């Protein structure tokens, strides 16, 4: 059989167009395809929700690939062991309550299962603004990351979502845009992004789950952006809290 | 239960040390965790070989994440459909003989299955030289990619392997190092790296499989570096040849 | 009437998709939207040919905007006055045989008339390779310029054309790719790109028209790349030869 | 006839000198040759006013070339359809009230018509300061953009105008200079530049027209700098408001 | 005897792992291997304390190598002559009370003696955060400097120490992290880092010793970071105060 | 006693001037203060020769600080154990014939002893050319490294030496300058710099000592530049050969 | 006669050392060798004062070389014509009260005469701090500009002066250092640097002369830094005020 | 009297236009305003020739400002003492035959006298090509240096000259352009640019004068480009040869 490049090009253009048009109007739009964002997307998609995840990088996974100081192993605590099992990621016991996993297996498996569950992941797209109507965040303004890097002056497009989730990690990019651009008062103690505190894994792992919630009408946080927004401590190369945070938010949104 | 950061740090350091020590002496060392390198590693590991894959980037997958011109869909032809099925990647028919798949699902699933099959993937490490003994490539000289980028003057370490596979894509990095540093005559028509030709998907998909073979004693190529070394044409966003190339080389090496 | 951003996004995505799909199979593909490339496209489109022009920059026009040393005036000689009149660009006599025109009026008007004539201009896309079949150039391999600048590893797509025109100026990008990648012998004295000679406006203006012709099967040049390929001298801020060159090639291709 | 390069050089130098000297004393000086600035210049020039537009880039048009996310189509709403017709730009109906146009045809045609109408466009020149006398902005301090980029220490020159228009888009460069350098209180609610809000095309399209007015004695805004200064929302790839804004300000200034 | 590269690699990996594991729990952790930090480490190690010094650069010594304006000589005053003698660094009298020494001999000798005394120096590691428990600084969060420079997203590890010393010089990096991240009130007049004052060698040499003390529970300063934190003047190429400061703090900590 | 900054400045300027004037006419000028260059300088200085070492960086030691892949341990083989002992550097046995040492202790101690032995080390100075008279290298042309980095157009100065030693490592900078600038035929098989081969520690450790010899009249090599010039293999993080190479060359020059 | 490079090197080293030592203790230290700084130095040196000028660039003259927008002509008004005559710079009348001069002749002649008058100019040295005693600025802390650019960690040296003059132009570098580092209250209306206002040549030319005076004990300003500190408007390519400002301050200091 | 900025702008624009138009047709065009180029221009202008010097930098003087290794003193030998006297530059005897001069006084005085003698110096303009007619270099193609640095696509202008002199130093820019672009055979031993040899001041000072001559019809060299083209050795911070070279070429051209 003969292969025709023009047909290949057409196939990709048309198929992507369909995916993109469909992604313009969804139930939940998640920004950031790190472990928390993907876990959140996974549990939502499994329950039949229309979910898209926008990731600015070429690849997903954020800081999970590199383990601790480039030693590509991660640690997961007791509480999150069940999620690892659900994703069928191999774990080894290091000591009671501490499980080790290969970081590359972990991140690729989570991503694989998330897409299979039905969440659409769009890489290479950045959220450069939000859409607000009557004080409620109801969508995102998107542009190619490459346009940003190349510093080209090109206009964005817009998509709408019933719920927007900021899973962009330390930067809490979407929440900061909403704060700066719309002057919305956040549901934090100060009404503003409070910033992440020094590392304290034990506390962080708990607060990150509690902080995975609504920040202002229509906008939610999970993963490290939860602690960045509500002022909890940062974690090290332990990833249980991340996964629990994504799962918890998914469950809240499903209600 | 209380989480102890120092314990987490120790767990990672010790566990990584064990993995790294083990990786210093293997059956097959593959450089480059793109689709061809991972497929090759997958089929070798499934048959019980000790395999490691060294990837210079933080994440694996190379150009597969971005589909064609950032439209994250890929095309796979009839012949490779079986491999997609084996990896349990969803495909849709575009037209007879042309299958579409989500590029993110594809790359993450291949990676996930490869690690689960037993191949060790070490990201963030670059092969800066090869080890040659009696005219045979028998190992790699490794350094952190971050050391290269930061332009630090730091010495590398060394690992040995019965077979070394260059799966670094267009650049054919390992073959070029071997050629430049040792003056070894390659098994190509000119005895040298011949360079990739203009795109011709149909031809490329065939030649890439035929060219996945030994380049000089101990050194093999698969994926785009096969065509770069033996002078075949390049492909576009069609990935069947890549996977077949990795599989074919694995089968050859198993003999 | 209410404006709906999602509708605006959809309109643009669908409309562009249609344009792009149509652009994958044309009569003539011109690379470079400088004055010569646009003039060539204008005369071809006026005669009903399916023409697309690919421009790597955000805006068209190349060096024509800046006149000479940022003094935004250009000079046109007697012979090309008629083309200026056809484009309805205002000219003033400086001295017998020398006409002055505003460089900004010139470039924007040529562009405006070219698109209106029916030539499709695709900005922000770069030709990174050509397609060759049986020794004949029969298409282009395209990628976003932004992907190149951002140094992302993303695969290109492919388009086909009965004739390919290199109007990329001094760089003669397409001809150089064809030469390097396919080893095709060019129809120049040396069989290779001969390089541009020192400035000699009078000679350049003539040779540029004569050199606007086929370089190898399927591949043509016009504008400064004609002199760069066949070894003619370069010009200064005089643009008559550019326009005549584009027109001449269009007339040749129409035969 | 023989072409003489020295004559070409002289023609350009003398002609540009005349244009530049003339540009030092005008009725209206517009900074920024985007769609709003050019539309404003077009309507003023058509009524016989002496108008110059200073553009820092090599080419005019700003973000209009790239459509939405590099898909080079733009949308125009009902209200602005008439202006598109006046500029003789082809439009297609997408849906009631939504017209599509080719972004390249649009920007080049607007520019072409604006210069033909008699507005002088000076590209490659930046306004690095304003001239203020008795609390009124009455001119600009200009330098080559290339001098800025090359970071050379070179003094600027000065020009005077009855009215100065800031059409520099999001940056509102001239207004910010006036605010920072002279401490002038702006006619906004806060007396300061209020900054652009999140995207809301519908609202933006209206407010941008209303906000196209005087900011402080002698200084006016139109286009996106109007919303940036008075705090309206931003728009996406819909350009009707831009053109209406430029036209409205021109009409006000003519009074 | 035959040398085996794999054995060399293993030796280094295992030996470093042991050193690093041991460094995760110590008496004193010093950040910055300049003259003050090393002197402090030297006197502590000589008294049997478990001490580690973390240095972000490849080499130790900071600004001491370059003397004054790259003239590699340093000056030491009377009071510090005794320390120079203890380190066995050659000094020459310039004038009563002013001793000259070769800067390269000085810095390499101090480093050599410090390591021999038992202090572990870890170069290429940066402290990117501190660990705080019950308001007391009790450890550091570490990452490779190369990861920072290469701008890779990789998680850090953690170590604990009874006392943490900031000897990072002008930047006072650790104190600033503690201030920003934890909101701890410092024991300075303003409760904040006060910043270094203009040069006044005579005063600086005294105050630097007095300021070498606790800044907040668990965190101490010596060397230039002492004056940066408590607001003393800076010094020039005179190094007596540096050494005295390190020694003084070591003596205080030993109590 | 009162400290006077002006006196400190004067002391440094005058003392450096004396050192620099003395360094303009010596027995041996070594370029590069890595382990080989310092060892060579150490053994020459101990025997009373006037030796200067020019180092382009702020600090000495080259790649020795970082051990292998930033794990700051080095290995030394049996043969070189004696030199380690002479420098009083602590070593631990890893396995018969393999000794481990702390890389920071090693490099700082070698530097300290070398300066104490009487060799002058001038950091921050680069050799940008050589002086040749009657076909013999007899001196160096020096400039500040900072001038090079800052890309300033500043003339160098000159120094003369009976023997010039290139100890610049892989780059073999001085030999390459001599080759390029003077067309001198080198005493290698090809008459040119042959380039370093792939890693082979065992062979490298021997050849590096044998290759530490004269390259052309007046110019000698030691350390990695010996293998780079004569075409031997490179080494990993094993440093015995380096030290033996420096010592061997010193002994040859003493004859 | 034979030329000996070593002698040339020695001559320069010794001669510069003498100049530099002498420059460590002077009557007036001027920072910035633009037209104002040099004019000030010229009039002081002519009256026998010990004057040094420190210039961070390789060449002197600042923005005077480039005239207006790279058109290398400058304008001088009636009042300053006498100074031009004293420096023997050719001037041409443009119109009553406006004199034109070649900018290159102007700046090189002023520099030539200033050095001949006895002022020492030290190029390539930056003032990175000031020396303050009892609330009075009494000297400068100097370092090589190349050290700054190369980002090397190298300590500065110190010089003392009865009066320090900031002639650094728009940046007012020395005054800003004094303000930031010492908290000294400046003799301006706000006690702080007030910043330069928008261009107004006429006013600027007067205020610049009046503002050339003491800013705080021991520290004076002239040239554009006078208006930057006291809040006067900036000038364009008219240089009379600069020269008058330098002269006026010199006359004040001579009292 | 009132100052009018617009008048200042006009004066500069008109005056520069006249200078530039005049510079388009001269007797001698010199590229590079270093000491040799300026000396050559000085002696030609004194004899009434129409001379222009084009300098790419903002300031003239090249490497002369920085003396040797930033110690701003230069040495001049006996033979060139007379030229120093003619320029009225102060010199001091260092030793018989060696004169010291302040580098800043030297370069500014040479420039000042050269312009006063009637040579026009155009700074900020680069020669990007030559004009060749019938095998003879007869002019230059000029562009703003800032355009080059800013990487803008802007066309150059052209000027003609009876003789063109390359005084661009080590780079020999004009000769290299002529060689590359026109394939002209140079009057050197190899017919090509031979490159500069290692430093040998004594020989260099003689050969530089002998090599100051015609390289190909219409094109001459002086200063360091003479030795770069004809293969002589380079010099250090001794400037006699430079001045003699410029003078010698001027005398030859006057014949």
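As written, the chains take the letters A, B, C, D, E, F, G and H, and residue 1 is the first residue of each chain.
Rule of thumb we're sticking to: contacts are C-beta pairs under 8 Å (C-beta built on N, C-alpha and C of every residue); 3 or more make two chains touch, one makes a residue touch a chain.
Just so it is clear, the model here is predicted, and its values are computed rather than measured.
Engineer: Looking at the contacts, which chains touch subunit B and subunit E alike?
Structural biologist: Neighbours common to subunit B and subunit E are A, F.
Engineer: Can you give the shortest number of steps from subunit E to subunit G, where adjacent chains in the path must touch?
Structural biologist: 1
Engineer: Using the contact definition given at the top, which chains are in touch with both subunit D and subunit G?
Structural biologist: A chain counts here if it touches both subunit D and subunit G, which gives H.
Engineer: For the chain pairs E-F and B-F, which is connected through the larger number of C-beta pairs in contact?
Structural biologist: Pair with more contacting C-beta pairs, B-F versus E-F: E-F.
Engineer: Please identify the chain with the largest separation between its CA centroid and the CA centroid of subunit F.
Structural biologist: In terms of C-alpha centroids, the chain at the greatest distance from subunit F is D.
Engineer: Scan D-H, E-G or D-G for the interface that duplicates B-E, counting it as a duplicate when over half of the contact pairs agree by residue number.
Structural biologist: D-H
Engineer: Check the residue numbers that subunit F and subunit H use where they touch, and answer same if over half are used by both copies, otherwise different.
Structural biologist: Different: fewer than half of the residue numbers at the subunit F-subunit H interface appear in both copies.
Engineer: Go ahead and note the Å separation of the Cα centroids belonging to subunit B and subunit D.
Structural biologist: Averaging C-alpha atoms per chain gives centres 52 Å apart.
Engineer: Measuring centre to centre with CA averages, how many angstrom lie between subunit F and subunit G?
Structural biologist: Computed from C-alpha means, the inter-chain centre distance equals 43 Å.
Engineer: Counting only Cα atoms for the centres, state how far subunit B is from subunit C in Å.
Structural biologist: 40
Engineer: Where in subunit B do residues touch two or more of the other chains?
Structural biologist: In subunit B, the residues touching two or more other chains are 5, 8-9, 12-13, 58, 66-70, 124, 131, 144, 146-147, 152-154, 157-158, 199-201, 236-237.
Engineer: Let me know each pair of chains that touch one another.
Structural biologist: Final set of chain pairs in contact is A-B, A-C, A-D, A-E, B-C, B-E, B-F, C-D, C-H, D-G, D-H, E-F, E-G, F-G, F-H, G-H.
Engineer: Can you tell me which positions in subunit F touch subunit G when the two form their complex?
Structural biologist: Touch residues, subunit F against subunit G: 5-6, 8-10, 12-14, 17, 20-21, 24-25, 58, 124, 131, 139, 144-147, 149-150, 152-154, 157-160.
Engineer: Spell out the residues on subunit H that touch subunit C in their complex, using ranges where they run on.
Structural biologist: These residues of subunit H touch subunit C: 129-133, 141-144, 147, 152-158, 177-178, 181-182.
Engineer: Which of the residues in subunit H end up touching subunit G in this complex?
Structural biologist: Interface residues on subunit H, with respect to subunit G: 1-5, 7-9, 11-13, 15-17, 19, 58-61, 65-75, 77-78, 88, 90, 92, 94-98, 100, 102, 104-105, 107-109, 111-112, 115-116, 121-124, 144, 146, 199-202, 205, 236-238.
Engineer: Over in the complex, which subunit D residues touch subunit A? Could you list them?
Structural biologist: 62-63, 66-70, 196-201, 234, 236-237
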